[in-house]
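Have a look at the structure below, then the notes.
Order as written gives the chain letters A, B, C and D; numbering starts at 1 within each chain.
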Amino acid sequence: MAKITFIGAGSVVFTRNLCSDILLTPSLQDCTISLMDIDPVRLERSRKLVQSLIDQRGLKAHVEATTDQREAVKGANYVITTFQQGGLDAYALDIDIPRKYGVEQCVGDTLGPGGVFRALRTIPVLLDLCDDMDDLAPDALLLNYVNPMAINCWAVADATGRPHVGLCHSVQGTSEMLARWIGVPYDEISFVSAGINHQSFFLEFRRGVQDLYPLIWEALEREEIIGEEPVRGELAKYFGYFVTESSGHASEYVPYYRKSARMINEELAPRFTNEADHWFDFGRTGGYLRHCLSRLHLADQDFNELISGVKAIPTERTHEYGSMIIEAMETRRPTRINGNVPNTGLITNLPEGCCVEVPCLVDDNGVQGVYVGALPTQLAALNRTNINVQELTVEASLMGSREAVHYAIMMDPLTAAVGTLPQIHSMVDEMFEAQAQWLPQFE
Amino acid sequence: MAKITFIGAGSVVFTRNLCSDILLTPSLQDCTISLMDIDPVRLERSRKLVQSLIDQRGLKAHVEATTDQREAVKGANYVITTFQQGGLDAYALDIDIPRKYGVEQCVGDTLGPGGVFRALRTIPVLLDLCDDMDDLAPDALLLNYVNPMAINCWAVADATGRPHVGLCHSVQGTSEMLARWIGVPYDEISFVSAGINHQSFFLEFRRGVQDLYPLIWEALEREEIIGEEPVRGELAKYFGYFVTESSGHASEYVPYYRKSARMINEELAPRFTNEADHWFDFGRTGGYLRHCLSRLHLADQDFNELISGVKAIPTERTHEYGSMIIEAMETRRPTRINGNVPNTGLITNLPEGCCVEVPCLVDDNGVQGVYVGALPTQLAALNRTNINVQELTVEASLMGSREAVHYAIMMDPLTAAVGTLPQIHSMVDEMFEAQAQWLPQFE
Amino acid sequence: MAKITFIGAGSVVFTRNLCSDILLTPSLQDCTISLMDIDPVRLERSRKLVQSLIDQRGLKAHVEATTDQREAVKGANYVITTFQQGGLDAYALDIDIPRKYGVEQCVGDTLGPGGVFRALRTIPVLLDLCDDMDDLAPDALLLNYVNPMAINCWAVADATGRPHVGLCHSVQGTSEMLARWIGVPYDEISFVSAGINHQSFFLEFRRGVQDLYPLIWEALEREEIIGEEPVRGELAKYFGYFVTESSGHASEYVPYYRKSARMINEELAPRFTNEADHWFDFGRTGGYLRHCLSRLHLADQDFNELISGVKAIPTERTHEYGSMIIEAMETRRPTRINGNVPNTGLITNLPEGCCVEVPCLVDDNGVQGVYVGALPTQLAALNRTNINVQELTVEASLMGSREAVHYAIMMDPLTAAVGTLPQIHSMVDEMFEAQAQWLPQFE
Amino acid sequence: MAKITFIGAGSVVFTRNLCSDILLTPSLQDCTISLMDIDPVRLERSRKLVQSLIDQRGLKAHVEATTDQREAVKGANYVITTFQQGGLDAYALDIDIPRKYGVEQCVGDTLGPGGVFRALRTIPVLLDLCDDMDDLAPDALLLNYVNPMAINCWAVADATGRPHVGLCHSVQGTSEMLARWIGVPYDEISFVSAGINHQSFFLEFRRGVQDLYPLIWEALEREEIIGEEPVRGELAKYFGYFVTESSGHASEYVPYYRKSARMINEELAPRFTNEADHWFDFGRTGGYLRHCLSRLHLADQDFNELISGVKAIPTERTHEYGSMIIEAMETRRPTRINGNVPNTGLITNLPEGCCVEVPCLVDDNGVQGVYVGALPTQLAALNRTNINVQELTVEASLMGSREAVHYAIMMDPLTAAVGTLPQIHSMVDEMFEAQAQWLPQFE
């Protein structure tokens, strides 16, 4: 009877999906779900939602809610993080200040000035949580869903050594999309994906021993396909492999697409010709922030519809790894995920100790990364330009070094492509000032 | 419809067990089993046995037999090796010549002069097989069951780079024995075992988060238990961890137990007080060779009883990993094994590139070793004394260097404990002369 | 009586300086200098020059000249390379084609499209030389002065494993400049410089245990100083350490300074306010090419003046490492240089196997890199963006992979800051077409 | 005007030789020598000796003496350790107790039970000294002469990270002996020696490019030569390379020579046929201890003869590295030594972090190990058997783990060749009891 704790449980979508998955897992249907959030209103909404799932499915599971992190963590077997430190207020600063300096971020939560400052806000909260876990749940596994994934996990690894794994669904989503594009049933697909979070690549995409990449190249010739993923399609064409993160996002991690607002609006956005794929606002600056703002009022509506039964509750597990990991550990039946773990020599041409996204064995011994070997050199090269930023951000946060924050953002491929050193310096200073309330480690 | 090839299929016990396992695996019941042996009589006996398993169980599987290795390998998906190059004639020389020089081996197939010369005989045959696989079954996985496991696999890795895994059942057998000793149901046990083949250690032995080692220490206090495994029990006491290979065998890899025939007969053998565990002849020199010789005539008897139905065919799969690996790769349902793979940084305090026995993820991407980290220093130290011999033997075989054979055996912990350098040198020279027919690489 | 061979001896400046140094070294004054060039006219000019040095100083040394590389290499103890494959014709293409695509290179011989194509032209010539050395001078040391230093040396290391060292004078020149700036006698300065060629950093700059960096910071506040090195000064300010390559050159390896012709002409060039430091044409595009063209006619003039005695021959050795290395190896008196050698774990946070510029012990055992450890993270990050390009260029050249050339230039920090992927692709294709005559490995 | 401090200055031989060297070095003739010992009588004797050197040579140097370590360390630039914790009383226990258990050590100060316990006594004193240096001489270099060299230096590296180097004269002495054997002037010899202290090997022994090993093999055929070094000669014959430590000592690190007292007295000792080489008592057990005891009364005699001028003071520097290092650091003129430093990837097939003896550059940046690469496999194998003991002893000392002391001695090649596990266990317990007064970290 595992205890599964959510930190940041007010996040309706994550909490609903992960709890639904857990409650659809036979071996977990008698678990205790402990929800924690600093916002009691959102917390209560999530609690009702989970209770409703339990009730509607008639399960023995138990849900509890608290604003006290230590109570939530106490005795937990699994701690899942879905919080967003600073919320949308801070997020808006991540987008708007850089924009003034010509740094045009679409999502801005992974790399770049936005990603770096999101990390600086998040890491102290994660480390505080790890301290509580050391005290109150020393054997628990930390399942981190909070971005920036690679930087956050790297910081946890370096500062605490705690068992943890970083989780994302981009590998699942992209592999499903590719299977759809080429018309091969997903359950016949084998793949190897490796790299860093949001910039992993499908090193192999096969049906048995048959290489399916030729079919992907064919698909990318079709107008509706390339119009769905113009950036990823082009990156694949020029770098030889398909990346796991969507086009708007992927365009931020490289210096080629977002050199100016004009370039984005006149050249990039129009290449998104598939209406269904709007990730997000077709790659325009601040697209995801606007998406979040626009969905704010929908959270209550979603909640009401699910509670009232207007919207049917899910009957199938999503492709999120969370419940799969817990199930494997509880049942001792091994599974495989693509998780974010420390690079203990797993990818030989990325720096030792960075956070890599690789295949992992999950069983009663936890999450264990497998050896991948060397990435194709051009992919390692791309990854390294991102890892440069990540490493300096981890160093900045753990050592409270403002200088290292400057270094990190000077090394950001997008920022460096548009700014001079004095401009970047001023931008970082302005961000520090605006976000001081969330950056205790720099005081 | 996988094609599974056995090289050295005349080995009744291995062929029967592995084929029975395969034919009990639902997803493999339509496979083709291709048996190959250089001895047509033993080959035909094995073929009849497998055909009988198919018939008695009423399956669609197909068995074929050939003395032509290339025919057997052609189009195979899996190639399993169970041959013994030189057979018992060579094996007798492995035991008898060293004995004249005071090197008293019990099994003599893993380390020591016996293990080294067994490797020298075996490696050329394995590499020739890998050449055929490169030609005729380039994607096939090699599942090696032939000893000396670590040396053979290391040589395959260095010389060919082919996908392969080395398989043994000592981890399964030992964990089952320990569970029995402490009275915990096996399906509640979690463990981590790591090291080198035949000298892996249980780093963890748990029920959930409960450490079960205290129960093992208690068990070892009981006379019937320690009398069952006097060497392993003592090694565990003095080195802190339980090793995976049985007492007679384990006593050969260290310099403490077999310094003279007198010591073995008067001190070691009498400590085996449990009649059921006679591995083999209670640790006496040549014990396993005598066991093999005594079972020679039983092979036909076994065969006749199984064919005629006097002895019932198995209805359950054994704990051998062979069929589990093939099932996982064919069904894409992950499993975990303890396999022998190259040390690509998986055990950080053993040499890079040596062959380690570690937890492995097996799925549609094959056998993938997981990261273990550092062994307790004293265990790494023990392993390194064995790895010294292994590394020099691989070098000797691949480079055809007689000198490196001398180096390997001078470094053998048991040999070094009993001989002077000139004595060891003479012993090696005598073995070279006696076994020249099986050592083409030194001509 | 060492034999010292120059390949590309037609280069007057290099040949004169290095030969003068050698002939000023007491232990080398009876050596044989063998000059080789494919241009017999320039070769003869160099021969006369060296003969004149010998005659004017009255030495026993012997000089010979040949257009036959094998003759020059035969029996050599040291082989020094100073050739320029493709000459200024090819060099002009390196500058002019990229310029059409907005890639504005100042020197263009180290990184960027110019550096990459220079490497592609050079590496086959170097490897051919190494073949001749394997044949005719197997123990000889290769002293490479040909740019792009890091890429060329990396290729030699990977393809041949021959003893070699890459040599530059930027460490000496920069340390002398810094000593001058801060008014400390050069022979009281201690420093540690490490990184990659042209992007090494002074990790320490001391007088005894006194840190001299504070004096450097003060100097950089002075207008005439910062006007001498505006780029390096700014890089030092923002990254914390002073780099070894001069401002015009240093501005090419990062994305901050050369985003457009306008930016260079209006913002960058005017910051060079010190007329004495015109490296070259104040950072303007093609500055060094113009410098080379303008000096073409001066070579003969220099030559004539030296031969005729109008210009006095040097009486002191320069700071070039060439003669120091040979002297140390011949006399067995150790010396230290900063040389370019394979990164065998010497700088722990740069990729294994890349070419690093580190302190080296030189003695009768040759050039031996010493362990440095980790660079400050931000410096390693900068280096890695350059190493990305270097690694892909080596791979491209050794494997004859056009695709890897594209990868290399897509990863160039400056190119990536100004171009889109299709633009870069077209640029590389155009360069391939224009330089086909010098790129045999891609046919 | 460097301050050079000696800890354990009562050691007449070391203090006299090293101080004489220093005072013969022009750049150091105005230094301050600070002598420290816990024994005021021996300290005063040493002070007088050094003062006499200064006076007889008429130098400006200054000598001072104190029993207060902090006073001696304060402001030092170099700290040289020559103490022996526990003195000959403890040493006698190191020899006599193991002997009761059949462990027959000749010198017993490097490996084996004697070496391990010497390390356990020494390390706390060294770490205490390092603490004082951190306080009072933070930039000073530690030059350690105290055995067991590798273990002591490894502990200092792991526990303190202080700049240090371990110094021995076995490389110099052996290379001089070999040059003498083969009749080549020493100043024409080039060599590469690498491995671990007391078990380094001459990987190359050359005159220019001429391999001199054939001459060594010839020399070893001569009776008077092999009778001088019977163990080293045989090890060279069977392992292919000549080792740096003398025969009596070398015989302790391997399991081949000292399996019983009878074997030593009847087989080993008689092979020493050269009276001049009595190292020590021809390899007999406790030979060096007896040597030390026999020389006790000679210290005063030596002292008196030197002071009174009966014995002339040295006029030439010895081959000890101490003064060479200080000279190179003070004058900024590079030199090369073979020093003991952490294995930061310098020898690739020995464990990372162990203490290796390799060529080092010494200059104004201190002592810097150079990259060596892989040892021949058989030499790495021998070294690893010793490193096993060293690593466990460091772990034992730093963590205060009695168990790790047991592990260390169980792994000792000589001990393991003669004892059973219970016997070794009892021996270690007895040593712990007898030496408790010097082992504060285990209380």
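One rule holds in what follows: a residue touches a chain if its C-beta (ideal position, glycine included) is under 8 Å from a C-beta of that chain, and two chains touch if they have at least 3 such contacts.
This is a predicted model, so every value here is computed, not measured.
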Strictly by the touch rule at the top, which chains does chain A share as contacts with chain C? none
Relative to chain B, largest Cα-centroid distance belongs to chain C
Could you work out how far the Cα centre of chain B sits from that of chain C, in whole Å? 56
Roughly how many whole angstrom separate the Cα centroids of chain C and chain D? 43
Following the definition at the start, I'd like every touching pair of chains, please. A-B, A-C, B-D, C-D
For the complex, which residues does chain B have touching chain D? 234-235, 237-240, 254-257, 259, 349, 351, 377-378, 381-382, 384-385, 388-389, 391-392, 395, 403-404, 406-407, 410-411, 413, 416-421, 425
Of all residues in chain C, which touch chain D in the complex? 139, 187, 190, 192, 204, 209, 332, 334-336, 344-346, 348, 359-361, 363-365, 368-371, 373
